[in-house]
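Presented sequentially are two complexes of chain A, the first with chain B as partner and the second with chain C.
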Partner chain A sequence: MFTLIPFLINGLTLGLLFALIALGFMLIVGVMEQINLAHGSLFALGAYVAYALLGPPLPLPVGVGEWWAGLPLGLRYVLALVIAPCIVGLLGILIEQGMRRTYGKDPLFGLLLTFGAAMVIEDVIRSVWGTRDYILPTPDAISGGFIALNLIWSTYRFFAAFAAAVFILLTWLLIERTRFGAVIKAGAHDSEMVRALGYDLAKLRIAVFAIGTMLAAAAGVIMAPIWGIRPHMGVDAVIPAFLIIVLGGVGSFWGAVIAGLMVGMVIGLTAAYASEWSLLSMYILLIVVVTFRSRGLFGKKSILEA
Partner chain B sequence: MQTPAHAGRLITPAMVGVALVLLTVPLWIAKVGLYQYIGVEILIWAIYALGFNLLLGTAGLPSFGHGAFFGIGAYAFGLTQFHVAANLWVCLLGGILAASLAGALVAGFVARRRGIYFAFLTIAFGQVFWFIAMKARNVTGGEDGLLPIARLPADFGIVSFDLTGNTALYFFVLALFLVTVVALWRLTYSPFGRVLSAIRQSELRAAHLGYQVVLFKMLAFIASAAFAGLAGSLFAMAQGGAFPEVMALHYSGYIVMMVLVGGGLVSFWGPVIGVVVFLLARDLLGAVTLTWMLWFGLLFVAVILFKPEGIAGVFQDLRRRFSRQPAQAQPAARSTP
Partner chain C sequence: MTDRITRRGLVKGGTMLAGAAAGFGTIYGPWKHNRAYAQEGKPIKIGLTCDASGMYGASGRDELRGITMCIDEFNANGGVLGRKIEWITADTETNPATASRVAERFITREDCSILIGAIHSGVANAITQVAEKYGTIYLNSNSSAPTEAGENCSRVKFVWDGNGTNFTMSSVKAAVERVGKKWLLLTNDYVWGHETSDATRKLVEEAGGEIIDNLLIPQNTRDFTSYLLNIQQMAPEVVAPAVGGDDGKILRAQVAELGLDKQAAWVQSQQDWPDVWAAPDSIIGIFGTNWYHKLKLPGVDDFVKRWQARADADAIPVPGNVSYCGYMAMRETLRAIERVGTTNNIAIIKELEQLKIPAADRMQDYDAWMNPDTHHLQQTIYLARRNPNPVDDTDLYEIISASKPEDVVDPEEGKLCKLAPYEQIPTVDG
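Our next item is the complex of A and B:
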C-alpha cells in the first residue's frame, strides 16, 4: 500500500492543477452559459507571453530591454504572472465583442466561433514562436527538488498546486462573496431584471469574459514549467477543462473543483498501474459518470441542454 | 434545410452537371497549376463531409469527434488488407463495417443527448479513439502510422483496373463519390430524412408525434459514421497509410468548419463547396504563407458571425434576388393587355 502514496500525492497536486486549468472555462460557462473553446489557446498564449517576458531578452527599444533583463528573476516572474493574463484578457475582450452577436442564439454558434478563434490564435503563436519547445525559467526559490519518502519531489509542482488552491479560493470569493459576483450570477439567471435594476449587463459580460480568459492565461503561466511550452499545450488544456466542467456539472463551482481532483486522482492512480494509458482514464470516468448522471455530478438545469 | 427542386428524384440535373464537370477534371487540373492528387483528396473529403452533414445539417447534431470514424475506416482498411484479404472490396467493406460498429457504440451513449452535451460527449469519444490509435503501437503503428497500405486493383471479375496511378484512383473515387451523392440525396429527402429534419427543429415535438427519436438519432449517427469510414478507407489507400492525425480534435473540428463554411446548414451541396474551398485554400494560401489557417480561421469566424448559412447561403440569396425580379415583372406583364 505504501507504494501508492506517491501516486496519491501526485494525483492530488495534478487534480488541483486541473481544477486551475478549468477555472476560467468554468467561470464563463457557469455564469454566461457560453462555451469558450479558445480557452486552451489563450492558456497557451499566456505561457508564450510569459516566456517572452522571462526568456531571452526581447527586441525592445534601447534601454528598456536591458532594464527589464536586469530585474531579479523572482520579481520578473511575479510581474509576468500579472502582465501575461492582462494581455490575454484584452484578447478575451475582443473575442467577447464577436461572441455577443451569438447571445440568445443556439449556444453552438458561440462554441464554433471560439473554435475558429482558437485556430487563429494557434496560428499566430506558431508564426511568432515557431513549433519548437521552450522551457520557462523559474526563480531559484521554487525550482529544484527535495527528497521525502525516499523519493525526489519537484518543488515547483507543490508551488503550482498551492497557487492553484489560492486561485480557486479567490475565484470562489469573487463569485460567492462579492456584490459583483451576485450581480453576474443574477444576470445569468434573469437578465431582464438585472437590466431593469440599472446594471449594464454588456459591461458585466465583458468583465466576466476578461476574468475568465485572464484565469486561462494565469493557468498557462503556472503550468508552463511543468508541461513545457509547445503549440499542442492548448489542446492539452482545453480537453481536461471541458471534461472537468461536464463531469462536475455545468454551473457548479465546487462540482468543478471536485471533478478536477477526481480526474487528477484517477490519472495519478492509473499511472501507478499503466502509465502510458493513464490519460485514457479521465475520458472513461467522464463517459461512465455522464451515462448515469446526465448533468454531471452536481449539475443544475442549463440552457445548454436545449 | 429547404426542400430543393427534384427532391423526389433518384438522379437530379444538378448531379449530372456535377458528374460531367468532375469527369473532365483530370484533363485540365494540371493546366491550372494544380495536380491530380488534390482532386482525389477533395472527392474523399467530400464523401466524408456529405455523410457528416446528414448528422449536422439534417439532424442538427454537432459531432466534434467524427475524425474518429474517418480514422477507424483508414486503420480497418489497412488491417483488413494485412490480416484478412488483400482484395479492394473486402477491405472497403472492412473499413465501412468497423466505422459503423464504432459509430453504433458511440451512438448508444450519445443518442439521448442534445446540443452542447452531445458535442461534449462526441469530443470525449473522439479523444478516446484518437488516444487508442496513438498508444496501441503494435496494432496501429502509433504516431508513425500504419504502413504500407497498397492501392489495390479494382477487380470486377472480367476486368480489373489498376489504381496505383492518381488519375485511375481519381475516377474510382469519383464513382464512389457519385454513389454517395445519390445515396445521401435519397436518404436526406426520404421519410427517414424528414424525421431527422423534424428532430432538428424540435426533438420534443417529433417525440410527441410518436417517432422514436433516440432510434432515429442513432441511425443517423451510424449512417454518417459509415460514410466517414468509406472516406477513411479511400484516404488510407490514397495516402498509402493510416495515421492518427486525422482523428485528433483539430481534424474533427476541420470537418465541422468545412461543412459550415460551405453552407451545409442550408444546402445539400454545401459540404462539397466547403471541402473544395478548404483544401484549395490550404494549398493555395499554404503556398504563400505558413499561417494559412489564420486566414481560414478568420473566414470561419466571419461566416459564423455574419452568414451562418455559409457560401451556399450566399448563392441562395443571390439566386433569390435574381429570381424575384422576373417574379415582380410578371404581374405587371399580365396587367398591361
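Our next item is the complex of A and C:
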C-alpha cells in the first residue's frame, strides 16, 4: 500500500482550507446567530472581483488601467487579497441592513433573506462575467510544484493552507484578544446589557457581518486558483461550510477549526484508500458525530434551537 | 317484493359502472396515449433540455447556441412545412431529477413535440424515460455514454455524439503499442465515466496491456491532490481519465500545474470544447473530438462565421464540438420532417433511421449514417493533442488522426439495444 505520510499532510492542508471556507460563516452564526446562506455567493463574488483585478485590463480611466497593469503580479495579487474582501464587505453591510428586520424573529426569516441574496448575487455574477469559467492568475513564486518525499506537490496549495492558518489566527485574535471581540460576544449573550453600557449594538452587528463576508470573499480569492472560477462555485463552498459549523458546534470557533481539519483529513484519507467514498465520507463523519453529540463537537444551546 | 328499476337506481348504477370502468381502465389500459398538436399555421414547438448550471452548465449553454442557431436559420427560410418553429428552454441543472421534471412539463404543458439536449448521461436517460412514455422524439445531442444507444436506447431517442467506446477505440490500441502497457483508470463515478472506463479496460486488455487500478472520482470533486499523490506512487505508464465537465477541467488544471503529464501519458476520451476553452493552458495528453473549427473541410469556415455572427457576448469566440452536435441534431431532424412532409413522430423516426449524411454536408472527413438498430449516428472520430504551432488564440488542437466510422463501431451497442416495436410507441403529431 501507499505511504501514509503524504496523505496525512494532504489532509492537513485540505483541512485548513475547509476551515478557511467556514470561517466567515462561523463568525456570523456564532456571534449573531444568523445563518448566512449567501456565504457561498459572497465567496464566489470575492473570486470574481479578484479576477477583475488580476485578469484582463480593467476599463479604468486613461493612465490608471495602465498603471495597475504595470504593477508586478505578486503585488497585484496581494492587493487583490485586500481589495476584493473590502468590496464584498460593503455588500455584506447592505445585506445586514436588510437582515435587521429579522433580528429576534424566527431564524427562518434571516435564512430566506440570505437565500434570496445568494440567488441575486449569483445572477449578477452571470450577467457581469457571463457563464464561462476563468482561471485566476497567480505569481510565479507560488505557482507550479516542488518535490518532497519523492513526490511533486503544489506550491500554491501550501501557500493557501498557510494563508488559511493566518486568517484563522487573526480571526481568533479579533474575537478573543480584543475589546471589540469581547463586546460583540457580550452582545450575542445579553444585548440589553451591552446597550445599557453605552455600546451601539447596530454598529457592532454591521461590523461582524462585514467581517464575516470579507472572510468569505478572502476564502474565494484563495481557493479560486485551485477550484477555478465559475458562477455556481459558491455551492461548492456553502455546503461544506454549513457541515463544518454543525459538526464543530454552532458558535464554537475552535469547534469549526477542528471540524474543518477533521473533514479535510477524512476526505484526504478516503480519497487515497477508498476513493469513491471521498466526498461521502464527510457526511458520514457528520452523522457519526451528531448521533453521539447532537450539538456537534463543542456546541452549546443556541437561539437557533428555539 | 317487486323488482323495479327506478330512475334514481339507474343513475346510481350507471355512475358506479362508469366509475368502475374508469378505474378498470386506469389499471388495465389503454396505456398508449396519442397526442395531436398539429394545426395548419401553428408553430412546431421544441423543448430544449439544456443545462445552464451544474458540472455541465458551460457545455449546456454552448449546446443551446448551436440548437437555436439551427432553428433561427430554418425560421429565416420559412420554417418547416410552412410552419414556424418555436422553442422553449429551462435549466436542467445537470440533474436527472430536474431534467425529468422539465421534460414532463415541456411535453404535457408546453405541448413540445420534440425534445433536444443533454450532456450528462444521467440527465439524458431521465429525459428518455419521460419522452418514451409520451412517444415524444428526443434528440440526445451530446451525451456520449455507451449505454445511451446500448441498454438505455429507445425508439424515440436518437444519439448524435460519438460515444466513449468510439473515442477509446480510436486511441487505445496505438497507445498500448507505442506508449506503454501499464494503465491506470480515473473514473467519474456515474454512468458515462463507468461505461467509458469499462470500454477502455476491455480494449487495453485486448491489446495486451494491464490495468493496474481504477480510481473512482465522485462527481463535484474539487481537490484531486489525493488522486495525484496516488498516481505518482503507482507510477503508471498511461493514465486514462474518464472525468468530465467541471471535474475534468479542475483535474487537468491541477495535473498541468504539477507537470504530471510529463511523468505519464494521458489518454483521454472526448474533450468538450467549452471545458478545454475554460482552461486552455491545461490541455494534456491526447484526446478525442468529433469536430474542430479549423478542419480544412468544405463548409467549416462558413459555419464558423454564421455561428459567430449570432453569438452572444458570453460565448466562446468559435464553435466547438458541443455546439456543432446540437446544430447537426436539430438540422437533420428538421430536414427529416421536411422530407416526410408530416410532423407525425413515427414517420420522422422511420426517416431518421435511414439517415445518411455525406461528409461534405456533415463537415467531417467521412460520410456519417444512423444505425437503425441503435439510433446512434456513426461518424468520423478525431484524435487530437495540444497544438504546438497555433495560428491564432483559438487554434488549440492539433488533429493527429481521423478514424472512419466503420473502424470505431461500438461492438456492444447492437447487442444491448432492444428497440420497442413501432406499434408500442404512442403517436404524436406536433
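Going forward, the second predicted complex is superposed on the first by the 302 of 306 C-alpha atoms of A that agree within 3 Å, B and C clash if a C-alpha of one lies under 4 Å from a C-alpha of the other, contacts with A are read in each partner's own complex, and residues count from 1 in each chain.
Everything that follows uses one rule, which is that a contact is a pair of C-beta atoms (placed from the backbone, for glycine too) under 8 Å apart; a residue touches a chain by one contact, two chains touch by 3 or more.
Remember, predicted model here, so these are calculated numbers, not experimental data.
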Next item on the list: Following the overlay on chain A, give me a clash-or-fit verdict for chain B and chain C.
Entry: clash
Next item on the list: Would you check which partner chain A:Gly104 touches, where first means chain B only, second means chain C only, and both and neither mean what they say?
Entry: neither
Check: In the superposed arrangement, does A:Gly74 touch chain B (first), chain C (second), both or neither?
Finding: neither
Note to self: For A:Tyr156 in the superposed arrangement: first (chain B), second (chain C), both or neither?
What the structure shows: second
Check: Regarding the shared-chain residue A:Trp227, is it in contact with chain B (first), chain C (second), both, or neither?
Finding: second
Note to self: Contact-wise, after the overlay, does A:Ile284 reach chain B, chain C, both or neither (first, second, both, neither)?
What the structure shows: first
Next item on the list: Applying the touch criterion given at the start, work out whether A:Gly145 contacts chain B, chain C, both or neither, answering first, second, both or neither.
Entry: second
Margin query: Looking at A:Val120 after the superposition, I want to know if it touches chain B, chain C, both of them or none. Which is it: first, second, both, neither?
Written below: first
Notebook entry, point to check: With the two structures laid over each other on chain A, which partner does A:Ala271 touch: chain B (first), chain C (second), both, or neither?
Noted result: second
Note to self: Which partner chains sit in contact with A:Pro6 here, chain B, chain C, both or neither? Use first/second/both/neither.
What the structure shows: second
Notebook entry, point to check: Hey, which part of chain C ends up inside chain B in the overlay, 9-17, 99-107, 243-251 or 387-395?
Noted result: 99-107
Next item on the list: Using the superposition described at the top, list the residues of chain A that contact chain B and also contact chain C.
Entry: 276, 279-280
Next item on the list: In the complex, go through chain A and note every residue touching chain B.
Entry: 35, 98, 101-102, 106-109, 111-113, 115-120, 122-124, 126-127, 235, 239, 242-243, 246, 276-277, 279-280, 283-284, 286-287, 290-291, 294, 304-306
Notebook entry, point to check: Which positions of chain A touch chain C when the two form their complex?
Noted result: 2-3, 6-7, 10, 13-14, 17, 130-135, 143-145, 151-154, 156-157, 226-228, 230-232, 236, 267-269, 271-272, 275-276, 278-280
Next item on the list: Spell out the residues on chain C that touch chain A in their complex, using ranges where they run on.
Entry: 52-54, 57-58, 61, 189, 215-218, 220-223, 225-230, 232-233, 246, 249-250, 253-254, 257-260, 274, 277-279, 281, 313-314, 316
Check: Which residues of chain B touch chain A in their complex?
Finding: 62, 109, 112-117, 119-121, 123-125, 127-128, 131-132, 135, 248-250, 253, 256-257, 260, 290-294, 296-298, 300-301, 304-305, 308
